[in-house]
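Mind having a look at this structure? Questions to follow.
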């Protein structure tokens, strides 16, 4: 327990897409920003997104996630954003952060804090789920796309949301065979185009199907899958044994909002956005003074929205700190909000847009 | 080959009718008449790089961004710039005028290793089933494609409406 | 909803104490419904350290202390029996310390133990520094003058205790209804006739308010002082030969540690003052950075080797005190059918016995012989004068006084 | 198995090679990569045995949240190998149960 104290104008907790976007934006107006991240390198989960992003030109559509990551990093560098890596933020209180770096504890005094801690994957329990070789789809993605290591040779994907579909595709890119994708619902959860490109390789997508069991001595050696009826019960006689050594679980994400809870933010339960989500206003400000949220911690969406939310928060903070006039800030914020809106259109975006509206229009904000 | 797992029918497949009814899909006449861009994008997702990249303004998404891309076949000269930019890998180029009996299909491909020009490969349909033999005509992988190669294969004309790719060139364990 | 229409006894509060009451009543064939506003053990039971310390604090009011001890000693026996009956809740009698960290404290502790021995509490031991360190080798160099040690104290898993009690209660026919807040205890002419919750009214002959720190919100007649406590838990460690212990910190209420069966070390102590004065803000269950830091720093002084151990979680909870420090257990005067069970600083040290005591009262069948009078919620409760009852700083001062009051101590000693 | 060639990420970048000692055996690794990645590349997938039932566990979340991948690193148990960078000469042991602490507690 050290007694060292540092002063930071804007502290950004989490150096993923949202955090870096906030940092770059706020710093571009002159705010002194420090980003804290637990990992050896910044970028969060952005560097494992090696696919081209959807969206429009302003959202950097058609550009691969990791390239967006590099450009964000260089922007941060250009504007003099400081980063503290291998640093855990373990506590928060008003305008104070508790951090741990290299076994030492420090206190950080901040004027504004952005919590952009992202999300974690939901687990799924079935017999054998603790075996080595059963892992989150994002974990497999990290291993192959960031660390360049194959997490297995032959995989079963559980879940057909965009994460399940994209990671299945990336497994194929990394030279890993995909035995099947199983989805408990009668319809796939992700985009049709993602499913289509996987289907072109012959990987079967089995809907109304589930994993029953993972088997193996120490590691996964085979998976048992089966069809399920409308009530979710396994239909006898439909069980199949697949020889796989990797089972990826892609059954959704939930916000990593511990720091928001600790800070005393008010929450709203919104299953569409992953779970309990910190209530925030249309400037991404939480219900606690001087604390902002951005990205998946403020509701599970995807990296493009995370970055747009980050930019919005960055502008709002720069305004609050007096680096931007209110007129100019309003204009910029409106543009950012427009870009966000356009990412929340269509049958996939509507429910999220509605949930986000509930958050920003919550009475607690007033 | 043991009995392979069959994908659940209807679970993901976009029926030919839906595809053909979508505004990015060319008409039968156009398909016959000239090389055409085929956009297989029947879901309203917020995405428009195909519109942005088209130098002739032939692809229009417009506002809102979730509109399905529509293509003006008269403006389109089938340059194929939209194929590698599509994040969904959903744009193809079909040329039924290649020769009397043969057509070409160009499609995006990101797997390793790439086939070589002149290779004999298996062409696959949207379900990954082998449809016919094909010959690789062109493999284009310039830097601007950002690792999405565009491969053109020559196939018998009657398959030009179903072939949308080739079998992966990875060594596949035939026992499974 | 028929099942909730009427019953013999309604128990409010699903902590260890409430579940124990439901279990003991159901076992005697009495119809009982337990209502809990959150989940079982979501209040103080699930946030405590699970320490079963039979005599916390250094209260020198010997009469009260002795009577309290009767109850907690009985509880210790009953916990052992319960563990055979309802399942393993990891209760282990591993002893507990009360440590003196100053010369002054050491002297008062010596006197206290002497008196306790005179009163027949032969179990309590006075250990000098060397003996203390022998039993608990992980103490660092911080001055430890000596300790008061009770070998039969111990710890348990409060979640398991609560849930096992609830399960056993259900087995005997009790109904457990969680996530249902009781809005009101309904009275008619000085007689309690039931409760009202969001699912409707439930008629009952008896209502037991076992909400501890929240008791005065439903029963205005009792005054409960809620005290915010914080806790932290470390990663699982090998057996530290670490007894539960308490030690005062700069005149404040005690900090303590205890190791769970899985090896995690639970550490806890008083939280910092929060909220605006008069705002009833004691029920503040947010944890703050500064208080976790303070607590960790203090305990690292005792156990320097724990400096490189990771804390994996921290939280805050609410303890409850009565103005005179003795729990309220029993009927509320002029409110026929209403019983209050509240004001335990450590419910684990009372849960099993209190269940029996209440059952005994309701069934009028005596099978234990602990006089309930001293716990009478209607007793004249000597109130300490505070500027405002819910100002945190004052409470800390109050508690410090309560534990340190040498003048009162000397007076009492002279009386013996 | 390492992915030496990736169709999108290209050739594996050469980084400084280091040596880790895992349960007495030496394995090669790249400096700074997470220990868990180095072990996976060396085909080591079981990282610890659970305390109660002594069941094998491996990498699960790979972002430091689940603590399923903890091992004894240089005498310190419960080290999250998925977020701990590999350094030359590190001594890594499969953690059995709560593990043994080299430092006295």
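By letter and in written order, the chains are A, B, C and D; residue numbering begins at 1 in each of them.
FYI, a contact is a pair of C-beta atoms (placed from the backbone, for glycine too) under 8 Å apart; a residue touches a chain by one contact, two chains touch by 3 or more.
Predicted, not measured: the structure shown is a model, and the values here were computed from it.
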Between which chains do we find the greatest number of C-beta pairs in contact? A-B
Averaging only over C-alpha atoms, locate the centres of chain B and chain D and give their separation in whole Å. 42
Roughly how many whole angstrom separate the Cα centroids of chain A and chain D? 24
Mind checking the centre-to-centre distance between chain A and chain C? Centres are C-alpha means, answer in whole Å. 42
Listed in rising order, chain D residues that touch 2 or more other chains are 6-8
Two or more other chains touching the same residue: where does that happen in chain B? 110-112, 147
Residues of chain C that contact two or more other chains, please. 308
If we use the touch criterion from the header, which chain pairs count as touching? A-B, A-C, A-D, B-D, C-D
Parts of chain D lying in touch with chain B, wherever the complex brings them together: 5-8, 10
Interface residues, chain A side, partner chain B - complex: 51-57, 61-64, 67, 154, 160, 172-173, 175, 177, 179-180, 183, 186-188, 191-197, 199-209, 240, 242-243, 342-349
Chain A - residues contacting chain D, complex: 38-40, 45, 50, 64, 66, 86, 120-121, 123, 130-136, 138-140, 142-145, 147-151, 153, 173-175, 218-219, 256
Touch list for chain D against partner chain A, complex: 1-4, 6-9, 12, 32-34, 37, 40-41, 45-47, 50, 55-66, 68, 82-83, 85
Touching residues of chain B toward chain A in the complex: what are they? 4-8, 11-14, 40-49, 52-53, 64-66, 85-90, 110-112, 124-129, 146-148, 164-165, 167-168, 170, 172-173, 176
